[in-house]
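Just below sit the structures, each encoded as structure tokens.
Common to both upcoming complexes is subunit A, partnered first by subunit B, then by subunit C.
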Partner chain A sequence: MALTTAQTGLSRARRGVAPGGAGRPANRKSKLTAQTSRTFFWLLLPSVILLVLIHGYPLIEAGVQATHDGSLIEAGNFVGGENFATVLSSPAFWKAAQFTLLFTIVGVFGSWLVGLGLALLLRTKIPAGGTFKVLLLLPWVVPIVVSSTAWNWLVATPDSLIPSLFRNLGLGTPLFLADPSLAALTVMVFKVWVSFPFMMMMISAALASVDSTVYEAASMDGATRFQQFSQITLPLIARSTYISWILMTIFCVNDFPTIYLLTGGGPVDATTSLVVLAYRTVFQDFATGPGVAIAFLMTMTLVVVSVLLYRQIRKSSVE
Partner chain B sequence: MSANSSSAFSRRGFLGFAAAAASAPLLAACGGGSASQGGGGGGNGVIKFWDMPWATPAYNDAAKKIVEGYSPASGNLKASYQTIQWNNFYQTFSSAIASKTGPAVSTGGGFQAFQFEKQGQIAYADKVIDELKKNGQFDDFLPGVLEPFKSDKGYVAVPWQLDMRVFWYRKSLFEQAGVDVPKDWASLLEAGKALKKVGAFGFATGSGAGNNIGNHSMIMMMVNNGGGVFTKDGELDVMNDRNVEAIEFLLELVSNGIVDPASVSYTTENLNAMWKNKKAAFGPYVLGVPERVGDTSGDIVVASPIAGPHGDKGGLVFPNNIMMYTNTPSQASSEAFLVSYMGQLKELWRQKLMNALPVFKSITEIPEFASDPNNVKIVKEWQPIAKTFASQGTVLNDNLAVLDGGQALNQFTQTVLTGKTDARSALQAFESGLKSVIKK
Partner chain C sequence: MSAALHAHPESGPVLGVAGPAKNRRVLSEAGHRGQWWRLVAILAITAIVLVPIMVTVVLAFTPGPTSTATGFTLENFGSVFSETLASTWLQNSLVTTLSTVVVSVAVAAPAGYVLSRGRSKAVSGYSLLLFVMQSLPIITSVVPLFILFAGMGLVDNLLGLTIIYVGSTMTVATWMMAAYFDSIPISLEEASWIDGCSVFGSFTKVVLRNSLPGILSTAIFAFLLAWNDYLVAIVFLRSTEIFTLPMGVQSFFQQNQTDWTSVMALAVIMMLPPVIVFAALNKYFSVGGIGGSLAGR
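Moving on to the complex of A and B:
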């Protein structure tokens, strides 16, 4: 409500209309507009300065590094797009890009599906619901270092709990982190496990705003459960869904610790994502320019994806 | 040129500002004593010494005590102590050096001195070496320890400890398998087959997240066979016959199940657990494995060096060093402090805080060190034959930082440990990976 009032006020201010009424003298309108602009300017200035300092400067510096051949200490000589060309012609980059794409798709949709299922489940009355909710939040709350260590204990060696279970069931002894395909799968499952509580909370918040009478009306009209879900629930949480997808896409593409702590990008680069590749290129191979170029390409891709998803939010007509 | 200068200036200025801003609350939290720190290499007349957490926190406390107890001669500056975490340490040093807020003297990564030397940030230690000659410590260095640091322009750094890779074994597992401890590669293969029958691995290693023992295992076996990644002149020489032979042997160990198939993903914790749980029977590792895994039964002991098929023997050593930087409030004070600190090193081994060999013979003779038969064996049998990553050459350089922990070596190691390759293909991929990142 306050926001609505503020927006109305802002809208009025933009139109030069005073709060008291529609018809006021022109000089009064311009005075108010100028005053409002000045106020906004001074209120925003600290944030703008901080943003420029914290985000703008490193971005500019990264641009310098990506187009030079030096080190972290000195940028070196200008080489134009050579670092980008080096990166784009490297098979390692495309392998990492492929893994990043797969990791992101599984991470976003896997965690969304699990989160959606649990959010719907939590709408129903279940015994010890509060405790259940807290338990479900744990993967998100626990520091990633702790989670990855726990997962390592669960799967790393042939004598770890899960490989032992497989062995006892006569299913062999899978080496979850040593086999390239299984390691990639394990990292993705780990990501879904870590991320679903976030999705669950986003969707729960969206579901909480849905009026239950809508379902009653649909039910009276003879809509099935599935029709209610697909025609009411999904559209009503569409905005929240798109926002969560944007955020989770960014989280997945930029996710360094989940992968690095569990597999280090291995075995044989099977789980090397772009962010891990960028890190290793800069800090293990000490190739600053190409490493920063990878990071730049990632940023540009994320901006494009975010803009596309944001447009979907605007298209979504459900308020 | 002007663009570079401008960029460097703004970066330096910004980093300096950022470092100062970031350190303000930290310094406030540290109390008045730390307030004297700041500025390049030790603003306000202090030699800033940055040290890595080389061992348990007790090590850092002891090292700090040494630094704080340093009384400079008249005219020289006092010193301050700061621990720098290993995580992203290269970035930490680089940012600080770029912003002129770095240390005057530091320990660091094994090849860090050479990396920063190339960028003109290292102060040569020739005068320190001269002082060590005068006070007798020069002659106290173990053989072959100092030479790797002498470049054309002077001593890049001063070694202070040796991080060794040696073979360890578990006596009880060999007894259980009814085989002798390997003396050469052939007996290693046979012992491995016998150990497999009792559920143990005859070549324990690991190359999972953050674990570089696998990488070191590869180079160690090459060195053990008289090979190595570089020629005597420092040129890349990955495809030499001795390396091929060493990797073929490792692949044979893998195909016979003598190397744990899961080891490709083992972290150091996983590897420690293998030793602790009597799954690891023989393998290369760092000093102090019993203490590391918490086994005080005396069952885990150092093996003697084994011979390759041509009779060569060799281990791997990382001579960790202390370096000085050009950005210092007083070069003479940096040198005086370093000389003094080298003279106090004995205290760290006297308190049994180090999991590394000392560089001075006199320290290897103190009772606290010599009472451990594993230490004595390493000094007597391994140190004289140990070679650095520069092998087949001896002089260290900045390219070794790229080799150590770089993507090329890690991918090569993991490829070999998975066994899905042949020696030549793996080495060729390794060589091309190195060529793409090694600077001429």
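Moving on to the complex of A and C:
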């Protein structure tokens, strides 16, 4: 529903209809416009102040810090691109970048596939379907601090519930958080567990707006279920799929608690993402310049990516 | 011919109508048979998915290692409140979160109105700016803000925490409000303008009054974000009596031996508010709303 309302808003904007509406007498319109822009200014002011304070100023200041050798206490001297050179030539940065990329890809597509599967399952009439829908949202609603505690209890030590279960089944004792590649996998599975409800909700909303008669027509024409899925369902939810991928990419790249609370970035940095690396560089190694430089590099990448995506979304919604 | 069709709906495939009718019956039969495995599948998946949450709840009511109680017990809750600062943490979390919710909506609603009704270059530029800012990692702002706030005495301070939460929820909150305002017909406002109402007057008296679902869904979003935050809290909070719940829960892991039953009791306390808010107000909140507000505008 929210999608359609937003679209109406946009179609109004596209037609270029002013807030006053079409066919309004010109003199009244101009009087109203002067008053309107004054009101608009005051309505927008608190938001602008906050944006400058919480987003604008820190962004500029981060640029300054990234080019200085300061600490949390003193500003330090200007060192130009030295911090960036340090960061870009350190293997830890590239390792973290690589992990962030993998984490994001698995996080986005893993949660999308699970969310899609469940949304399709829940679309048909199932007894107590509504209850299942709410229950399945819980991983997304429950705070990460709580769920990471539970996951820790389940997998952290060799005597935790799930490793013992594996042992009793004769499958050995997997060290979910101590073995580097297994820890990376565990963190990604945890991320998918946290994120799939978001995808499920996005896809369910999109599926709800698909007219079911389309399927009847298709099955009349002899389309198989798979054909119906790939040629009707997927294209019809493409737009919201696209949006959900974009949002989830941003969520995954910026994620801190999911990783940090489960593994702290370890073992041997196997699960250190760029955000975790930036955090540790600043607050544990007290190297403010390089730490901010890492965050700044991420930020610049995301600015470019999100401006491109914003354009793409606007274009796709005009089509 | 059509009369014949109606008179003899089952008169055979030659008429070309029995085909779909038969197909539909087959479909619904398949759907009926399908329900069985679907229900089993969804039951199994839900059970597996909820294991971590069930574990949390069960452990919270299980007697601790030093306890003499057996079976179901409430003593973990008692001990977590008497032996730790849990009640302070809960209070800190409530104060910060509720202030964030109120101020976020108060800032986002007027700004969202301008985004929804304004059609100038400046307004669409601002809208792009909000989109870009919401996608940026908080870690970038955190260090400069830490230094700025340290000079103002806002580090290790709930007011400082709240300001950052309001700032970081505000971007998406504004988009959500704007998307909702888009659904309120302009004609309602025009009528009030003709009656001599100002733009501000029509915003508060006409638009806001009809926006309860939009306001609620924005409020839930701000609530979840502030209540669940860990990154800002870990950077800005230092002393245990200023901790919010996420920091409080984490403080259990600093000791050598984690007291699992107590930490789970606190975890249950921490997850209750979002679960209750979500269960009660679920119908107002659609993730599609967030996605849609980002996409449609």
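In the analysis below, the second predicted complex is superposed on the first by the 252 of 319 C-alpha atoms of A that agree within 3 Å, B and C clash if a C-alpha of one lies under 4 Å from a C-alpha of the other, contacts with A are read in each partner's own complex, and residues count from 1 in each chain.
The rule is simple: a residue touches a chain if its C-beta (ideal position, glycine included) is under 8 Å from a C-beta of that chain, and two chains touch if they have at least 3 such contacts.
Everything quoted here is computed from the prediction, not taken from an experiment.
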*A:Phe283 contacts which: subunit B (first), subunit C (second), both, neither?*
both
*Would you sort A:Leu261 into first (subunit B), second (subunit C), both or neither based on which partner it touches?*
both
*Report for A:Val145: first if it touches subunit B alone, second if subunit C alone, otherwise both or neither.*
second
*First (subunit B), second (subunit C), both or neither: which does A:Tyr57 touch?*
both
*After lining up the shared chain so the two structures overlap, which partner does A:Pro46 touch, if you call subunit B first and subunit C second: first, second, both or neither?*
second
*Could you tell me if A:Ala34 is touching subunit B, subunit C, both of them or neither one (first, second, both, neither)?*
neither
_Winner by number of subunit A residues touched, once subunit B and subunit C are compared_ = C
*With the two structures laid over each other on chain A, which partner does A:Thr157 touch: subunit B (first), subunit C (second), both, or neither?*
first
*Taking the superposition as given, does A:Val292 touch the first partner, subunit B, the second, subunit C, both, or neither?*
second
*Is A:Leu72 in contact with subunit B, with subunit C, with both, or with neither (first, second, both, neither)?*
both
_Touching both subunit C and subunit B, counted on subunit A across the two superposed complexes_ = 57, 61, 72, 149, 260-261, 283
*subunit B touches which residues of subunit A in the complex?*
57, 61, 64, 71-78, 92, 149, 152, 156-159, 175, 177-178, 180, 183, 260-264, 266-269, 280-281, 283-287
*Within their complex, state which residues of subunit A touch subunit C.*
1-10, 12-13, 16, 18-21, 24, 32, 35-37, 39-40, 42-44, 46-48, 50-51, 53-55, 57-59, 61-62, 65, 72, 118, 121-122, 124-127, 129, 132, 134-139, 141-147, 149-151, 153-154, 161, 193, 198, 201-202, 205-206, 216, 219-220, 239-240, 243-244, 246-247, 250, 253-254, 256-257, 260-261, 275, 278-279, 282-283, 288, 291-292, 295-296, 298-299, 302-303, 305-307, 310, 313, 317
*For subunit C, which residues count as touching subunit A in their complex?*
19-20, 23-24, 27, 31, 34-35, 38-39, 41-42, 45-46, 49-53, 55-56, 59, 106-108, 110-111, 113-114, 116-120, 123, 126, 128-148, 150, 163-164, 166-168, 170-171, 174, 178-183, 186-187, 189-190, 193, 198-200, 203, 224, 227-228, 230-231, 235, 245-246, 249-250, 260, 263-264, 267, 270-271, 274-275, 278-279, 282, 286-297
_Under the definition above, what is the set of subunit B residues touching subunit A in their complex?_
3-4, 7-8, 11, 14, 88, 90-91, 94-95, 97-98, 115-116, 119, 121, 207-211, 260-267, 269-270, 273-274, 277, 279, 401-402, 405-408, 410-411, 414-415, 417-418, 437
